[in-house]
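Here chain A shows up in two complexes: once beside chain B, once beside chain C.
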Partner chain A sequence: MNRESLRILLPVVSLAVLLGAVFYLQPRAMSYFGLNLLFNLAIPVALATVAQMMVIMVNDIDLSIGTFVSFCACVTATFVNETPLLGYSILAVSIVAYAALGALIHYRNLPAIVVTLGMSFVWGGLAVLILPSPGGASPQWLQSLMSVKPPLLPVAIIAPVVIGFLTHILIMRSSFGVLLRGVGGNDRTVSRAGWSVLKLKASAYGLAGLFGVLSGMALIGLTTSADANIALRYTLLSVAGVILGGGEFTGGRISPIGAVIGALTLTLAASFLSFLRLSPDWQIGSQGAILILVLAVRLVFSRKEQVA
Partner chain B sequence: MKNHSAQNFSSASNRSTESILKKTISKPWLWAFIAASLAFAATMVISGGQGGSSLFYTAMTFASFAAIVGLGQMLVITLGPGNVDLSIPATMTLAATVALKVMATESGMVPIGILVVLVVGALCGLMNFGLIILLRIPPIIATLSASFIFQSLAIWSNRGLRIKPPEIMGQFVTGGVLGIPNVAWIGIGIAAVVWVVMERSITGRWISAIGQNLRAAKLSGVPVNRVRFGVYLTSAILASVSGFLLANFSGGAALNMGTEYMLMSIAVVVIGGSSIAGGNSNVPGIWGAALFMFLLVSMLNSYGLGAGVRLMLTGLIIVVLVALASKPGDLR
Partner chain C sequence: MKFQSMMLGALTSVALFTPQMGIADTSDKTIALSNNYAGNSWRQAMLDGWESNAEQAVTAGIIKAADAFTTSENQATEQAAQIQNLILQGYDAIVVNAASPTAINGAVKTACDAGIKVISFDGIVTEPCAWRIAVDFKQMGRNQIKYLAERYPDGGNLLEVRGLAGVFVDDEIHAGIEEAVKGTNFKIVGSVHGDWAQDVAQKVVAGVLPSLPEITAVVTQGGDGYGAAQAIAATDRNMPTIIMGNRQDELKWWSEQKAENGYETISASIAPGVSTLAFWVAQQVLDGQDVPKDLVVPFLEINSDTLDAFLAETPEGSVANVVYTLEDAKKAIASAQGG
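For the complex of A and B:
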C-alpha cells in the first residue's frame, strides 16, 4: 500500500464507522431518502472544502471562504436568477479576483491569513449590499438539478463522488496538479525548473474561487433562498474538513478525495447527535470532538509508522 | 531588519537629522496611532467638532476589548509560523456566559465571578495547549476544534438566556476615572505588563527567540514547551477577561458576542506592526491598531455609509495596509 492510499485510509474508516453508528441507531436511514437527507447539505460543504484545499495546497490558508461562499450564494439568488448574463459575469469576475489575490499574495510576499481575513470583510460587505435582508430565489434549473432523483443512488451520494473524482484527476493525476502541489512542497525548486510560481499560485487561488462559486450555487439550489451570513460557518468547517481528510498545512500534502470525505464526516457528525437523541447544543461540539478523535488516531498510526 | 535598512539608506545624505526622522517613521506602531488620529480627525470634520470627547471615550472603551484579546493573540503569533489562537471568540463567550450565570445578577458574587472567569480562561488555555502538545495537532486546528467544544459548552450552559450583569459591574465597566474609561485603564495596565514581559524580561526574549528560530531556541536551552504553554494560557485568560468585560458592558452575554473578535484580534496584531511570521512583537501598536479599527468604523459610519460599504472599505483598507507594509522578500 503506498503512502497516498494510506493517507486516505483513515478518513474512509472514520466515515464508515460514523455511518455504521448512524445506521445502527436508525436503520431507516439506510435508504435512498435517508441517505439523501443525511448528506444533502454536504454538497456545498464539500465544494467549499475543496476550495480551501486548493489554498492549503500552496501552503496558505483562506479565512474568507465562508464569506465568499455567502457572497456567491447572494449573487446566485439575485442576479443569476433575475439577469443571468450579469449574474454569471459577476461570478466570473469574482473568480478572477481570487486569482488576482493569489498573485498579489505571492508578488508582495504577503501573509495569506491576513489578506484573506481582510477579504472576508470585503465579501461580507458585498453580500450585505446585494442582500440586506434574507431573500432571493434559486434559478429554476439549479433547484431542479439539486433535487433531481436519479435511480439507485441519490444526488447527495453521486455529487460528492463526482467532485472527489474530478478533483483527484486534476490535482493528483495531471502534470498541472503536480506543479501546483510542487509550489506547496518547494516553490523555489519549481521556480528554478523554469515555471512561474506567480502563475501557479494565481491558478490555485483561481481554482479556490471557482469551487467557492460552485459551493454558493449548490447551496442556493438546496436552500432556494439566500442571506448574507448563510455560509459563514464554512470557513472553519472547510479547514477542519481538509485536515480531517488527511491534508497537512505545509508541503502540498493534500488529498482531494480525503477532503470530500472529511466534509461528509463533519456533516454526518452534526446529524449523528440527533440520532443519539442528544441536545442540538452539542452539534458544533461534536464536530470538534470528532476532529480531535481522528487526529488522535492519526497520531497513533504515524507513531507506529515511525517505529516500523 | 527594517531599522537597519532605513539607517543605511539615510546615511547617504543629511545623516544627523534624517536618521532621527527615519528612525521615528520606521517605528511601525506609530503608523497605527497616526492612522487612528486621522480617522478621528476625519470624523470630527463631519460632525463639525461636536462630540469629540464622547467619541474618544467610546473609542477607548471598545478599543480596550480588542486590545486585550489582541495582546494575547500577539503573544501567540510571536511564537512563529502556524501559531494562532482561533479559540478566542469561543473562550470569550464561554467565560462570559458562565461568569454571569454564577454571579446571577448579585453584586456580592462579583469576586467569585472574576475567579470563575480566570478559571474558565485557564481551562480553555489548558485544553488548547493539551491538544497541541499531547496530540501534536497544529495550533490552528487544535484551537479551532477546541473552540467548537467551548462554543457548545457556552450554548449548553446558558440555553439562550440573557442574564444581566450585577449592578456594580455594570456601573464599573461604563464608568471612568480621569476621563479615561475603567476598562481602558485595565487594558492599558495589561498592555504595560505585557510590554515589560516582552521587552524587559527573559521570558519575552524566549518568546521572540522561539518565533525567530524554534530549533535554535531549543538548542540554546530555552524551555520551549513551558514558554508555549504560558503563552497559550495567557491568551485564553486575556480572551476570557475581555469577554467578561464586554458582556458586562453590553448588558449580558450573547452567544455571538465574540464572533467579530476573531478577525479583530489578528487584524490589530498585524496593523499594530507585529510580524505575522512571529519573532517580533509590538505592544503599543496593538493599542494604536485597536483604536484605529474602531475609529475607522465610526468614521465610515459618520459619513453615512451603510453596513455593506463599511465592511467592504474596512476589508480593503486592511488588505492595502498589509500590502504596503510588507516588502517583497521579507520572510513570512
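For the complex of A and C:
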C-alpha cells in the first residue's frame, strides 16, 4: 500500500463508521430518499472544501471562502436568475479577481491569511449590497439539476463522487496538478526549473474561485433562495474538511478525494449528533471532539509510517 | 375482532376520512421544534414555554411527542440540515423559528413534499407551503399612538426612541408610528436610537433632552423605556407618558411610579410564549382544521389593572410572558379567517 492510498484510508474509515452509526440510530436514512436528505447539503460544502484545498495546496489558507460562497450565492439568486449574461459575467470576474489575489499575494509576498481575511469583508459587503434583505430566487435549471432523481443513486451521492474524481484527475494525475502541488512542496525548485510560480499560484487561486462559484450555485439550487450570510460557516468547515481528508497545511500534501470525504464526514457528524438527541450546548464541542479524535488517529498512523 | 379490524382501518385512513374528529386525531402525531438560536433570555423563555407546554400536551394524550431542537450555531445552512434530519426522523409537523426567511426554503419545501406540515413563527419563512405566524411590528407602532391619542386628544410633542439602526424590526415599528402620527395632533420633536437597551437609551435620551421642548409622551420599541425614564428623571422636567415594552425593569419602575403618583401608561411586546401558540396551531393543522397560511401573533398588552400580576410573575432581567392555550390558537385562526 503506497502513501497516497494510506492517506485516503482514514477518511474513508471514519466516514464508514459514522454512516454505520447513523444507519443504526435512524434506519430510515438507509434509503434513496434518506441518503439524499443526509448528504445533499454536503455538496456545496464539498465544493467549498475543494476550493479551500486549492489554496492550502500552495501553502496558503483562505479565510474568505465562506463569504465568497455567500457572495456567489447572492449573485446566482439575483443576477444569474434575472439577467443571466450579466450574472455569469460577474461570476467570471470574481474568479479572475481570485486569481489576481493569488498573484498579488505571491508578487508582494503578502501573508495570505491577512489578505483573505480582508477580502472576507469585501465579499461580505458586496453580498449585502446585492441582497440587502434575504430573497432572490434560484434559476430554474439549477433547481431542477439539484433536485433531479437519477435511478439507483441519489444526486447527493453521485455529485460528491464526480467532484472527487474530477479534481483527483486534475490535481493528482495531470502534469499541471503536479506543478501546482510542487509550488506547495518547494516553490524555489519549481521556479528554478523554469516555471512561473506567479502564474501557478494565480491558477491555484483561480481554481479556488471557480469551485467557490460552483459551491454558491449548488447551494442556491438546494435552498432556492439566498441570504447574504448564507454560507459563513463554510470557511472553517472547509479547512476542517481538507485536514480531515488527509491534507496538510504545508508541503502541497493534499488529497482531493479525501477532502470531499472530509466534507461529507463533517456534515454527517452534525446529523449523527442530532440523531443522538444531544443537547445543542454539547453539539459544537462534540463535533470538535470527533475532529480531534480522527486527527489523533491519523497522527498515530503517520508516526508508524515514518518509523516504517 | 370486528372492532379491532375497524380500528386498524380507521388508523390507516384517519387523515382521509375523519379530519374533524377533534382531540383524539392528533394523539399519534409528533411535532418537532426547529430553533436557530438560544442565546438570550427571550429565547430561553421561549424554549421553556415550549417544553412545559409540550409535556402537558403529551401527558394529556393530545400529542405523542413534541421535541425541541436547537442548532448549535445560528446559521441557515445548519438549520436546513437540521430540518432535513427532522424529516428523516419522521415527525408529522415541524415548527420553525428560522435563521433566515429564505435560506431554508429548500429544506422546508422538501419537508412539505414529504407530507410534513411546516409552521414558522417569529422568524418566519417565505416558502408558500409553510404556515407563517408573523409579528405585525407596524401595528405595534400604531397601537402606541392610538393609546396616546385617546389619552391626549389635543396632541403634543413626542420623543421617539428607536431600536438598532438598519434592522428590519426598527424600520417597521418606526413606520407604524409615523403612519399613525399623521392623523393626530402629535408631533415627533426628537428621534434617537436606543438600540433596545436601557443603558444606551438612557445615554442618548439624556443627550437629546436639552434641545427639546416640553414632551407629552415617549414612544419606544421595548427594552428602552426604563432608560428613557432614568434620563428624564435626572432633569427637572415633568415625567411624560413613556410607553413600556414588558421588560421587568420597566414594569417595576412603572409600578413604583403608580404607587407614588398614580402614573399611567401601557406596555406591549411579543411574549416568548408565542412558541406555545405555534405548537397549538401545528396541532390544529395536524387535526385537519382549515388554518389560513398567514396568522398574526397577538401582542401581550399590560395595562394598569394587570400590571401587578404580570410584574409578580416576571423574573428579574426577563420579559413578561404568557403561555398560550388551544383556545388562543383557535382565536388567532378565527381572526385570520375573518380578515
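Operating definition for what follows: the second predicted complex is superposed on the first by the 301 of 308 C-alpha atoms of A that agree within 3 Å, B and C clash if a C-alpha of one lies under 4 Å from a C-alpha of the other, contacts with A are read in each partner's own complex, and residues count from 1 in each chain.
By our rule, contacts are C-beta pairs under 8 Å (C-beta built on N, C-alpha and C of every residue); 3 or more make two chains touch, one makes a residue touch a chain.
Everything quoted here is computed from the prediction, not taken from an experiment.
In the superposed model, A:57 lies in contact with neither chain B nor chain C. When both complexes are overlaid on chain A, the residue A:243 reaches chain B alone and has no touch with chain C.
Comparing chain B with chain C, more residues of chain A are touched by B.
In the superposition on chain A, no contact is made by A:179 with either chain B or chain C.
Contact with both chain B and chain C is seen for A:283 once the two complexes are overlaid on the shared chain.
In the superposition on chain A, A:126 makes contact with chain B only, while chain C stays out of contact range. Residue overlap on chain A between its contacts with chain B in one complex and with chain C in the other: 283-284, 287. For chain A in complex with chain B, the touching residues are 61, 63, 104, 107-111, 113-115, 117-130, 132, 236, 239-240, 243, 249-250, 279, 281-289, 291-292, 295-296, 299. On chain A, the positions that touch chain C within their shared complex are 26, 28-29, 33-34, 37-38, 40-41, 44, 133-136, 219, 222-227, 229-234, 267, 270-271, 274-275, 277, 280, 283-284, 287. Looking at the complex, you find that chain B touches chain A at residues 82, 84, 86, 131, 135-138, 140-141, 144-149, 151-153, 155-156, 159, 263, 266-267, 270, 276-277, 306-319, 322-323, 326-330, 332.
Across the interface of their complex, chain A is touched by residues 38, 67, 69-73, 75-78, 80-82, 84-85, 87-90, 100-107, 109-110, 114, 126-127, 168 of chain C.
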